[in-house]
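The structures considered in this document are given below.
What follows is subunit A paired twice: with subunit B in the first complex and subunit C in the second.
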Partner chain A sequence: MDGTQDSRGQRAVEKFVPKAERPPPMPVSGAIPWMRRNLFSTVVDSIVTIVVSGMLGVVIWNIVEWGIVDAVWTADNRRECMDQSMDGACWAGPALWFDNFIYGLYPETERWRVNLGAVVLALWLAPLFFARVTAKIPTAASVVLTYPLFASYLFYGGEKGIFWTAISALGLTMFIMALANAALELSGGRSIGKVMEDRFGLTSFRRKAIPVIVLWIAVAVVWSGVELEIVRTVKWGGLFVTLVISGIGITFALPAGIMLALGRRSRLPLIKYVCVVFIEVFRSVPLITVLFMATTMVPLFLPEGVTFDKLLRAIVAVCLFAAAYMAEVVRGGLQSVPKGQPEAAAALGLDYWRTTSLIVMPQALKLMIPNILSNFIGLFKDTTLVAIIGLFDLLGMVKAMSNDTNWIGLVDEPYLIAAFIYFCGCFAMSRYAKSLEQRLSTERR
Partner chain B sequence: MSTSAPPRSQRSQFSRLVSDPKARGLFAQAVVGAILIFSIWYLYSQTVYNMEKRGLTAGFDFLWTTAGFDIGFHMIDYSPTDTFSRVFLVGIINTLFVSAIAIVLATLLGFIVGIARLSSNWLIARIAATYVEFIRNTPLLLQILVWYGGVFTLLPPPRQSLEFGFGAFALNNRALLLPAPIDEGLFWITVLAFVAGVILTFGIARRARLLREATGEAPKWGWKALTLIVVLPGVVYLLTGLPLSWDVPALSGFNFQGGFAVTPPFLALVLALTIYTSTFIAEIVRAGILSVGKGQTEAAHSLGLPATRTLKLVIIPQAMRAIIPPLISQYLNIVKNSSLGVAIAYPDLVAVWMQTSLNQAGRAIEIVATTMLFYMTVSLTISSLLNIYNRRVQLKER
Partner chain C sequence: MKLKTTLLAVAALAVGAASGAQAQTKSTLEIVKERGYLNCQVGQPNPGFYSLDDKGQWSGHDVAFCRAVAAAIFGDPSKIEFQSVTSQVRFTSLANGESDMLSRTTTWTTTRDTQLGLDFTTVTFYDGQGFLVNKSMGITSAKQLNGASVCVLTGTTTELNLADYFRSQGMNFTPVTFEDVNVLVDTFLKGGCDAYTNDKSGLASRRSAFPTPGDYVILPETISKEPLGPVVREGDNQWGDIVRWSAFATIVAEELGINSGNVEEMRTTSKNPEIRRLLGVEGNLHTGLGLSNDWAYNIIKTVGNYGEIYEAFVGEKTPVNIPRAGSLNALWTNGGVLYAPPFR
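Right after this comes the complex of A and B.
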């Protein structure tokens, strides 16, 4: 026994006996330690984990059983669905109606126009996501300003007349320019403006405009031969209308919001108070009251014979509403620009408009991009309200389906499909906003 | 005017005027004012003309005429023979009632979910995060319609009601039935005792705070508060001879009689508003708690404060400063979003006033204006309260 004393009270020579080895330290990585740390760290924690995962399992199983195992995938009406399976989902209905969810009652033979519009928009916007394309602001501006001109004719159709031909051809021209620019920059690395300068010696803005105008005229001549069948807006519907309303809403809201926000910060009392009143009124009332106002009061304001499309009225209401909200977003961005910036600009002798457009706004807008996107998500969700005033957006089409004679009473399945579509759109945008926010904030540091 | 250049002095005066910011400001304002006046005049005259043509009249006299329609859910007495002004009142009360209940429930649920998102248990945190992402990214109106059309109208009919709480509660496709309290005359004394208890508790809390600030002693007053708020009214209730009785709903024939019936639209609206807003509140709570720096917790621990007191005295007071302003704007959103009840025929202000009354009375301008006025009043009241709060919090800061 080491450490004990022998009978003579002297310490015996201690013999070295190694202690028992300690157990190896707990592994810190791998599945089991992870679970021990995050799921079973205490007794209470373990009980919670077990109970909750049991409940979750039951819920998930029920959903799977209802939605997949017992579900019916092909049937012509609700009765057939119920004959096949009483307590499963009936996906046959939404499957048959899916095209209507997307296009509304847009005639089937004309739906390619909606698709074409979507493709054009996607191609037009695509260069913005390439780092090599430098002419981003002209591209973005051309989309915002001229895509609606082209798309409105594409979707609505009918007789064009000279004016409408010229206007919609301008959109098409700008689309061609943007594509050409993207192609040039992605292959050669120079923007179309630079190429015009270097190759053809078109240095001034006026000279550059000449080939564009020539192209415009050429496009207009070709375009005037095309006449599309008219599709009245009562037939528009589904996700298409949702995107039309929210798209126009956001494109209008941004410039209008900027003007309102600048007006609100103005030193001129009249302008300031007009803007304050507009912003505060529209921000303090619910959107549905604005929509009701547009449907009931606008006809009283218009001169005789002028009628306003129902869709157009809804769009006007959404635009006014969105502008007020955007104004507050912009104001937030303007406030975050340090005061030294406009002061420095003033010291350099820049006037109000130059200071605003060259110094303050670019910095503010960059900071605002995530907020603008989240505002757009809100608008995208809010457009469902137009279903209340009788338009057939995505939600309106879903409601229409559960009132259809073949599918009457089928409520949950179409709503789930719609919820899924909205979720995908909003979630993707919110993720994009988050990643942008991170990217922009690291740039600022 | 001739094409030749004006005399030099005149010209420089003009150019001086152009470059003078004051003059330019006045000019811009004059232009805006002129446009404003013109458009108001134009809209006014156009509206007057249109209304004359259609034989419409203006004015608020319709408020005192009989409405003639029934309202499915009202908190105050209402019958179809009542006037439009009564309808307006019923709508306002319905809006505020549904909003108040949704505000309380959404705050509770939001705080629970927000704290759950910060849970150290991975499963709980993930479930909370999934809940938030899924609910937040789908439109509120869709959720309202799902709750209404997909849940409450698919419940069994009254004869096969789901009953719980030993038959005191019943849920069917027409209503949720709750037992209704009936006052037999002396209940006001209990209410009075309760109010007195609350006021006295405030006094005690204040004195305790002053004492603590003056001397550093922290007297315990929790049990006093409990006595005053719970025991005192309870004793008074017993002494006055149990003045409340409960009217329990009972099935008779095809429907329930008695009790307090809450209609499916109300339930659907409250649930949807609660769940939708709770996700936003959860994010606010989470951000608020995360906004308190880690150093605060560490400093509190190094001073020897245990975890619960750290939370109560250090984290929560600082987090509340970041939580309350956006929380209040969520409350405002609840009031505004309650107007979506119109889609499922919940008789809120928009439904009974902007829809039914507008169709019946036809006074579009008056009705739209009063509705907007109501919402603006609510909004301005809440935002001014918020400003007062912000000012108080900021004073403490520095």
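Right after this comes the complex of A and C.
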């Protein structure tokens, strides 16, 4: 044994000398390391990065220069815009026309009605986003079924007979009920039905029906005193009419599509073939043809002097078309549910409707969300076709602007605005569907 | 559920057909009066003739003649709704009763007048196809356009007239066709073609939006006749008369020096028998039309005479800027061809 040992025969402890510090590790997070890793990792990468960012910079600068630096913000017509700046955007025109893009030809003094309609819809839907509100399905159903009753009078106006008064008052009643219920649930945690039960001892169906009927009568009495000026649908336009058509189309398409898809899988030949024919006919013709048929053919079958509103015809056409497409999406979803599921439901003794609504549909619909959404987005954009049959939707108004005597030929700016509005609408829908998907995908959580 | 809908639809059609049989006897005037407003068909907005302004109102030269009819019937030019449809379905939409009349830069031709079940009433604007070129080309006549490339909208009579003209002159040309007028204008301005052809009114209105309108000139030749005017359905002559004489009233008013400003005064003070007949002070010109005796007065008071309409929408003070003096649209007394039969 060699090596130094002390008197007790143990190995001497060497004096501690720290090693030289190593350089710190490359930072792996943060902007600079990210850039180094992704943009400048090799010489070629670096060159490409510099060239591309240079080009991007020029493009962005040109856009900024055109859209902001050289742009004209106030002018009375296009000539004045040109006098101020030849190379800049002329935002003065779209600014003057912006209200028209939203409301179309709707008379200026009546535009508050459209705003009111939007506010009512937003308030009505708001309870759906609160976890504490339990009455989600009744609220959603009341919106879909009764909002159009109220809104159609609000937007159209004119004389309303007893029938119209009652129908539109029902819409208003359901709105008040939904809000009252939401307020009660948010503050005290009890729904209207529960309050009625506790306070008056009403039970089951009656606890809801009685307050609705009492309120309905009260609302109808007040409402009958209100008469709005008539605004015929030829005056509806802009984003408003785009939303009316696509909104009705979307709310109609899903339930109708589900019924058609179920019908197509039915074992009863009559139902099956009616559904098959309907779906195939509407899927085999372009939307524009359906719209043309609705606008030019239908009046030929009507007696002279009898007209059937053009907007209504377009809406019906869009609804039927959308339903046919939706039916096939739903059918795809239904086929993806394993056969064992309905069989198990049958083994439990569930009948057809329960099997469908409790077992098959929930699974199928969840899988279909991306497809349904693509359809909705498609429908939202397809409504631009109504411009061809003479309805002034958002795109129609944009085109009308470039033919206004004061703004002849001004196209880029209004089109950009329309594109932006469409993007916002479609992107919002897509985000909402994404959140819905995440919330519903319980098995993958 | 589906079956029920089908049955309902069939039933509705049957009921419709039954009531249609009795509705046939109603004249257009009766239908319009009952409805309370006039349905006038215009086209997709076209500057100067029918366009929307930033207040969402229809205005323009053709729109004014619709308003004149509304004023003649109701005494109020705002009792009107405008139907705007594409040019492909314009005649269908008139024939099927969706609109009562059509006033939308529609050229009067034999085929259209005789084969479509429609009647052209009169001419409210004489247009014609021409050429627009850059002054720097140094061209002063369409006859110098041999070998030129010409920008034209596709699928229109404009395209056919262009070919006819060059063939008849024994010249060659290269057509550059477009679907969209904005793209066409853009190409023309960037030098993509030597000349741009369209109706002269259209050339003038597009030129007004060029960066430098002064650099472009409309050549003097007019290569086609485009008489534009209101159209009605065939078979209701009284209705055709109302539309026709409403337009004539504006022309005669200009001839007689009556305008929206002095019509009130003229009605009470004028001694001229034709003015008195026109304004309903004497005679009974209104009875044949089925209107009240102040129908023409209402037109002039609320819409104006032809000159006022022209200057307000397409005249030299507007961006559309189509000079009237010396054109076909001047009164016959001023060297034009605008001429209305006497009110007698």
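Assume the second predicted complex is superposed on the first by the 379 of 445 C-alpha atoms of A that agree within 3 Å, B and C clash if a C-alpha of one lies under 4 Å from a C-alpha of the other, contacts with A are read in each partner's own complex, and residues count from 1 in each chain.
In this text, contacts are C-beta pairs under 8 Å (C-beta built on N, C-alpha and C of every residue); 3 or more make two chains touch, one makes a residue touch a chain.
Every value quoted in this text rests on a predicted model; they were computed, and no experiment measured them.
Colleague: Subunit B versus subunit C on the shared subunit A, clash or fit?
Modeller: clash
Colleague: Kindly classify A:G88 by the partners it touches after superposition: subunit B alone (first), subunit C alone (second), both, or neither?
Modeller: A:G88 sits against neither subunit B nor subunit C.
Colleague: Contacts for A:V274 in the overlay, against subunit B (first) and subunit C (second): which applies, first, second, both or neither?
Modeller: both
Colleague: Report for A:T49: first if it touches subunit B alone, second if subunit C alone, otherwise both or neither.
Modeller: The first partner, subunit B, only.
Colleague: By the touch definition at the top of the document, which applies to A:V234: first (subunit B), second (subunit C), both, or neither?
Modeller: So A:V234 only meets subunit C here.
Colleague: What is the contact status of A:G104 with respect to subunit B (first) and subunit C (second): first, second, both, or neither?
Modeller: In the superposition, A:G104 contacts subunit C only.
Colleague: Could you look at A:S430 and tell me whether it touches subunit B, subunit C, both or neither (first, second, both, neither)?
Modeller: After superposing on A, A:S430 lies in contact with subunit B but is clear of subunit C.
Colleague: Using the superposition on chain A described above, determine whether A:F392 touches subunit B (first), subunit C (second), both, or neither.
Modeller: Second partner only, subunit C.
Colleague: Which holds for A:S402: it touches subunit B only (first), subunit C only (second), both, or neither?
Modeller: Both subunit B and subunit C are touched by A:S402.
Colleague: Just to be sure I read the superposition right, which of the two partners does A:G171 touch: subunit B = first, subunit C = second, or both, or neither?
Modeller: So A:G171 meets neither subunit B nor subunit C here.
Colleague: For subunit A, which residues lie in the overlap of the subunit B contacts and the subunit C contacts?
Modeller: 270-271, 274, 292, 296, 299-304, 388, 399, 402, 411.
Colleague: Subunit C touches which residues of subunit A in the complex?
Modeller: Answer in residue numbers: 77-79, 82, 86, 96-97, 100, 103-108, 232, 234-235, 237, 259, 263, 270-271, 274-275, 278, 292, 295-296, 299-307, 310, 388-390, 392, 397, 399-406, 408-411.
Colleague: Write out the stretch or stretches of subunit A touching subunit B in their complex.
Modeller: Contacts found on subunit A: 38-39, 41, 45, 48-49, 52-53, 56, 267-271, 274, 280-281, 283-286, 288-289, 292-293, 296-297, 299-304, 377, 381-382, 384-385, 387-388, 395, 399, 402, 411-412, 415, 418-419, 422-423, 426-427, 430.
Colleague: Across the complex, what residues on subunit C touch subunit A?
Modeller: For subunit C paired with subunit A, touching residues are 1-3, 13, 16-17, 19-21, 23-24, 26, 31, 34-35, 44-48, 51-57, 60, 81-86, 89, 92-93, 96-98, 182, 185, 205-206, 208-209, 211, 313, 318-320.
Colleague: Considering only the defined contacts, which subunit B positions touch subunit A in the complex?
Modeller: By the definition above, subunit B touches subunit A via 25, 28-29, 32-33, 36, 43, 46-47, 50-51, 53, 120-124, 127, 133-134, 136-142, 145-146, 149-150, 154, 336-337, 339-340, 342-343, 350, 354-355, 358, 364-365, 368, 371-372, 375-376, 378-380.
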